[in-house]
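In what comes next, subunit A is part of two complexes: it sits with subunit B in the first one and with subunit C in the second one.
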Partner chain A sequence: MPEIYIDNKRYEFEKPGKVLQFMLDKGLDLPFFCYHPSLSIPANCRQCVVKAGMPVFDREKKVFEIDDEGNRVIRYFPKLMTACSLDLADGLVIHTHETDELVKEAQADNLEFILINHPLDCPICDQAGECPLQILTYKYGPEGSRFEHKKVHKPKAIQLGPRVILDAERCINCTRCVRFTDEISKTYQLTIISRGDKNYPTTANGREFDDPYSLNTVDICPVGALTSADFRFKARVWEMNQTPSVDITNGKGCSTWLWTRDNLVLRVTPRFNEAVNDHWMPDAGRLAYRKFNENRISRPHLRPDDAGQVRTSWNNAQLTLQEELEKVTADEILVIGSPHASVEDNYALRTYFGNLGVSRFRFLPHTEPGTGDGFLISDDQAPNTNGVKGLGFDEIDEKSLIKLIETGKPKIIAILDDDLLGRTALTEEHLASSWMIVWGTNHNDTTRAANLVVPVTTAAEHAASYVNVDGRIQRTVPAKETLYTNRRLNLEMSMGRLDHYGTKFDNWVSDANRIDCIPAWEFFTRMKSDSDTIAWESSRQIMEDIAGTFPVFREVSYDRMDEENGIQLKLEQDSEVKPA
Partner chain B sequence: MAETYTFTAKDLKEIEKITAKYPDKLSAVLPALWYAQDKFGHSDPSVQQLVAKTLGVPEAHIRGVVSFYTQFYEKPMGRNVLDVCTCLSCQVSGGYDMLHYIEEKLGIKAGETTPDGEFSVQSVECLGACGYAPMLQVTNDKFVNHLTREKVDKLIEDLRAGKKPDFESNPMPQHEKGS
Partner chain C sequence: MSNDWKSYKPMLVPAIRDLHDISVYEKNNGYQALKKILKDRKTWTPANVVNEVKTANIRGRGGAGFNAGLKWSFMPEPDGKPRYLACNGDESEPGTFKDRKLFEFNPHLFIEGAIIAAYAMQIDVIYVYIRGEYRPFIQKLQKAIDQACEKGYLGKKILGSDFSVEMYTHMGAGAYICGEESSLMESLEGKRGYPRVKPPFPAQRGLWGRPTTINNIETLANVPLVMQHGAEWYLDIGPKTHPGPVLYGISGHVNRPGVYEYPAGMDIMTLINEVAGGVRGGKKLKALIPGGSSTPPLRADMLDGVTMDSESLREAGSMMGTAGMVVLDEDTDMVDLIWRISYFYDHESCGQCTPCREGTGWLEKTLRKIKDGNGEMRDLDLLLAICHRMEGRTICALADAAAWPVRYSIDRFREEFEKKCKKTVYAVA
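Moving on, here comes the complex of A and B:
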């Protein structure tokens, strides 16, 4: 197998590739800025330089030349080479800062150059704490600067587009953002203008940077030059917790990170997942932080008469549903599952009402044809359409749903988190003769029209699975505490620096943002039931049940989803679905 | 931004001839911009937009190219553009003195245009004539070398009268016969 020597250590490589990527894959350290594994390689920052050479081969004797000490004679490139653009080659010898003084000096000198016009305003910069320039300067940079002149000034706080703000002075002109719009989002909206120490990225004259993927440039910018208009000045990164999750605003279900502080989701960023979204996600998905924080339903809401809803206790909510159920027969109940809710919650809904003898399980897909782009935005507006389908809920369209309610006049309508009144032509009049219960996360037209509203957790508060448009099942991890969960007790929740060491006297610690809600499945376990199929203690257990019941979900488990970053389901098994 | 500039059928044919020479559209950007600037006198944002549309290349890219070269004018300029070199060799031979003299004489600063639209002055980087420093270039054309105040006075007088400078041959010492 071809071999390469890095700092006198031998490595073997199978596939062709570049030296820098090879080193990163092997966990070796080398500073770099402009290189990005998913973009082209311009080698313009010059931070990744190494000393490189090849063994001298005697073509006549067909042997490597050997020196007096018995080592191969190496012929080095006359200048240092950029590792990001240097191809792996059999016999290649690389020296990094670990074994070569020149490389070490070059790295420090390059950083000194890069920092010449950099404002060094880390104390007020959003990027501080997760800034490659800051980190690499600590590790490899010079002790100080020898530059005694006035720095070049450039535009600051420029609103490049609705979501992205540019500070041109911080830019190191790595062109990652430009390459992103040229190679990934293909809107070609950015360019580097001017030259020398005056250049910085911007749009064409009078054009907005309104790329639907624009915020990815903020993620990949190795400095604080591009910042998010929404997240700017909201929090320091080291004060936040970072929890893996899934985008629930779109059928594609990009893998995400939720960043929380004091139980508020402050930003959503993409999490690398080769099978779904690579390093990227659409801007729209990042707005989900508002859904998690704002307009939340806290405590059950009951409408005792026509006057309006009042808050009530959990006990009363359960008793009220029990009473209403006792008044009707199973065929007078219409149960509507939700492509917006998780597999587990839909399954719990189905199991609970199935035990009561209900056989009508419907759901209304939420697609907006023409809004998809074939990349990371799908027509499907819901994260779990395939999941509800896989659980045997019957797909129904808007017209048939309204007709079903108008003609069937169900006495009880049970809706799992889905704003049907808001997104369809269904109105309160249609529902006038029914008693309606809604499990909801946020106040909306549907919850306002309900007789009983049960507040349930969002994807930011529960562990639950969603099946994306391509049939990949992925799960969330609780990021935000509810009134009933506790970071220190729930081992799955991430603990940030503040959670470990913060006291109640810290600025950022309060309990104000914990919502009084529970996962929908938990509500069903609290209901009185003749059956023991509803004795779940966690959503993990529910998934075990589901995997044992539905062929589509066979072999799905939380452990596997965690290990493999989601599991591809074989959806064609749809037809074999056997009812629970 | 209103599109106030258009190419005629003849222009389009010329530009097609340019693009036909290259394997891809991006390579035609420079010659196409030259063509447009020759026609309109500058490459302001609406000209950039026109060129981008005509060639089918991103507008942002055209802006990047235009702003990179001082030879492309991002805004309308005077009839004569004096590109005074203030890069190293000219700087040490009095390039800034020449620039400031011109600025004073015309009553404008580098980057500005005289109210009568006759002259624009720019301070530019190396034009590759270090051997004849200090020097300037007139409207992307002739170089005027070994500048002195007298030479500048005469140049401006001539240009006012519509007389362009002639090509000056400056043989390098090693090329001079008999030396």
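Moving on, here comes the complex of A and C:
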């Protein structure tokens, strides 16, 4: 197998590639700014320079030349090479800063160069704390600067587009953002203008940077030159907790990180997932963090009469549902599952009403044809359409649903987290003769029309799975505490610096932002039931149940989802067997 | 050499009236080399033409001095898809103004050379990238191209053969960096003029990812001479290691600045004193920048017996470059001069690579500080340190071009720099 020597250690490689990526894969350290594994290689930051050489090959004897001490004779390239653009080659010898003084010096020199025109305003810069320039300067940079002149001044706080703000002085001209719009989002909206140290990225004259993926440039910007107009100045990176999750605003289900502080989700960033979204996600999914924080339903809401909803206790909510159920027979109940809710919640809904003898399980897919772009935005607006389908809910279109309600006149309509009144032609008049219970996360037209509203957790508060448009099942991890969960007790929840070391008085954690809600499945476990099929203690347990019942989910488990970053389901199996 | 040069008859820009007109050019042996090749294609297969040019050892006139025929031989075998010849007429280096003479007075010689080059490398599209400020010369060249098309030297089925080639002109937009071959290609493709990372080299992946050769205008103008008279004849002009006629662009403090055509390897003092009429005002010579602003300046006392060819100049401690000689008399303020050169490179750095983007600005600012009388002795060491960390650490050679004049002038004229610096004494610790 071909081999390569890095800092006198031997490594083998199988596939051709570049030295820098190979080193990163091996966990070796090398500083770099402009390189990004998903973009082309411009080799312009010159930070990843290494000393490289090839062994001298004796063509006649067909062996490598050997010196007196028995080592291979190495012929080094006259200049330092950038590791990002250097191809792996059999016998290649690499010396990094670990073993070569010149490389070490060159890396420090380069950082000194980068910093001479950089404003060094880290204390007021949003990137501080997650800034490659800051990190690499501490690690590899010079002790000080010998630059004694006025720095070059460039435009600051330029609103490039609706979501992205540029500070040109911080820019180090790595061109990652330009390459992103050229190669990934293909909108070609950004370019570098001017020349030399006056360079900075911007849009064409009079154009807006309204790329639907524009915020990815903020993520890949190695400095604070591009910042999110929305997140800017909101929080320090080191004060936030970072929790893996899934984008629930779109059928594609991009893997995400939820960044929380004081039980508020402050931003959403993409999480690398080769099978779904690579390093990227659409802007729409990032702005969905508001859904987790604002307009939330806290405590059950009951409408005793036509006057309006009042808050009530959990006990009362359960008893009210119990009483209503006792008034009707099973075939007078219509259960509507939700492509917006998780697999577990839909399953719990189906199991609970299935035990009561209900057979009408429907769901209305939430697609908006023509909105998809074939990349990370799908026509499907809901994160779990395939999941509900896989659980045996019957797909129904808008007209049929309205007809079903108008003609069938179900006595009880149970809707799991789905704003049917808001997104369809369904109106309150259609529902006038029915008693409606809604499990909801946010106040909307449907919850306002409901007789009983049960507040349930969002994807930011529960561990639950979602099946995306391509049939990949992925799960979320609780990022926000509800009134009934605790970061220190739930080992799955991430603990930030402040959670570990802060006291009640100096950290950001207060009870103010904890919502009084529970996962939908938990509500069913609280209901009085004859069956013991509903005695779940966690969503993990529910998934075990599902895996045992539905062939589509056969090999799904939380552990496997965590390990493999989601599991690809074989959806065609879903017609095989339906559980009784 | 001695006095041979006095009897030398210019061949690149001969003194013939209206030579830019195709009928005059044809009367003076014009397009004979092309006809000779196309008439006897058995002898002059493309490979043989490449070999002939390689033997003639035409050193690239754009500054690097690389054997043009050797460069041509790097082109891969044709595969039926497009391949390109890009002609570099972007000359924008301070002190260089030779290609304009060709555009102005003898465009057909260059066109003929480019056609022969295209034939040798089996290329069917030629782009001529010209400095945008040369608007009148572009018009002249365009007129010459149109004439050549009319006469059947360009276009489909040239002179009745099955060889076809198109030639297009392209105006630069004022960026020095677009004279660098790979950013010239980027610019031709309609992109921002950023030099490309090598490898892949242009012969492997050039314009639009296809094999491309980039030659200087003057280099190509030498090709018809070689093909007409043979490589042996050509090698006899000037030194064998660097043969052929050269357009010397002499500027600065001389009595008769201008472009002069003489064989390569001319004695520098002869060029200054006899060709260009000596230093202006009878002053003493102080220094010479031999080949455009990026070549290291030489002190007058380093010029004894040095001739204008790559080898001799390398020994003397400089480079041939584009043979754009800048003559500097004893009144020249070297600090001011080097600052001005630095200012140019600061302005023209494309800003792609960190060391060049930041280094050129730093050099300029530091030199300005010294020039303005605010410099300190440590600034000289700092300048040398900046040069050291710029050289060889970037994608293209602009960083080297910016660093060399500074490094070598501090080296060779240090006392002048020191004179401008404040004598500061720092307390120990």
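The rule is short, and it goes like this: the second predicted complex is superposed on the first by the 577 of 580 C-alpha atoms of A that agree within 3 Å, B and C clash if a C-alpha of one lies under 4 Å from a C-alpha of the other, contacts with A are read in each partner's own complex, and residues count from 1 in each chain.
To be clear about the criterion, a contact is a pair of C-beta atoms (placed from the backbone, for glycine too) under 8 Å apart; a residue touches a chain by one contact, two chains touch by 3 or more.
None of the values given here were measured: they were computed from a predicted structure.
In the three-chain model built by superposing on subunit A, subunit B clashes with subunit C. Using the contact criterion defined above for the overlaid structures, shared-chain residue A:Leu80 touches subunit C, although it does not reach subunit B.
Of the two partner chains placed by superposition, only subunit C is touched by A:Arg46; subunit B is not. When both complexes are overlaid on chain A, the residue A:Asn173 reaches subunit C alone and has no touch with subunit B.
Looking at the shared chain after the overlay, A:Gly206 reaches subunit B, while subunit C stays out of its contact range.
Taking subunit B and subunit C in turn and counting the residues of subunit A each one touches, the greater count comes from C.
In the superposed model, A:Ser194 makes contact with both subunit B and subunit C.
After overlaying the two complexes on the shared chain, residue contacts for A:Thr407 are found with neither subunit B nor subunit C.
With chain A used to align the two structures, subunit B clashes with subunit C at 188-196, while the other stretches in 188-196, 224-232 or 314-322 stay clear. Put simply, subunit A uses residues 191-192, 194-196 to touch subunit B in one complex and subunit C in the other. Per the touch definition, subunit A reaches subunit B in the complex via residues 181-182, 188-196, 202-207. Across the interface of their complex, subunit A is touched by residues 1, 45, 48-49, 52, 58-64, 67-68, 125 of subunit B.
Looking at the complex, you find that subunit C touches subunit A at residues 175, 177, 192, 194, 197, 346-355, 357-362, 365-366, 369, 382, 385, 389, 392-395.
Residues of subunit A touching subunit C in their complex: 41-47, 49, 78-80, 82, 85, 106, 109-110, 113-114, 116-117, 146-147, 149-150, 152, 172-173, 175, 191-192, 194-199.
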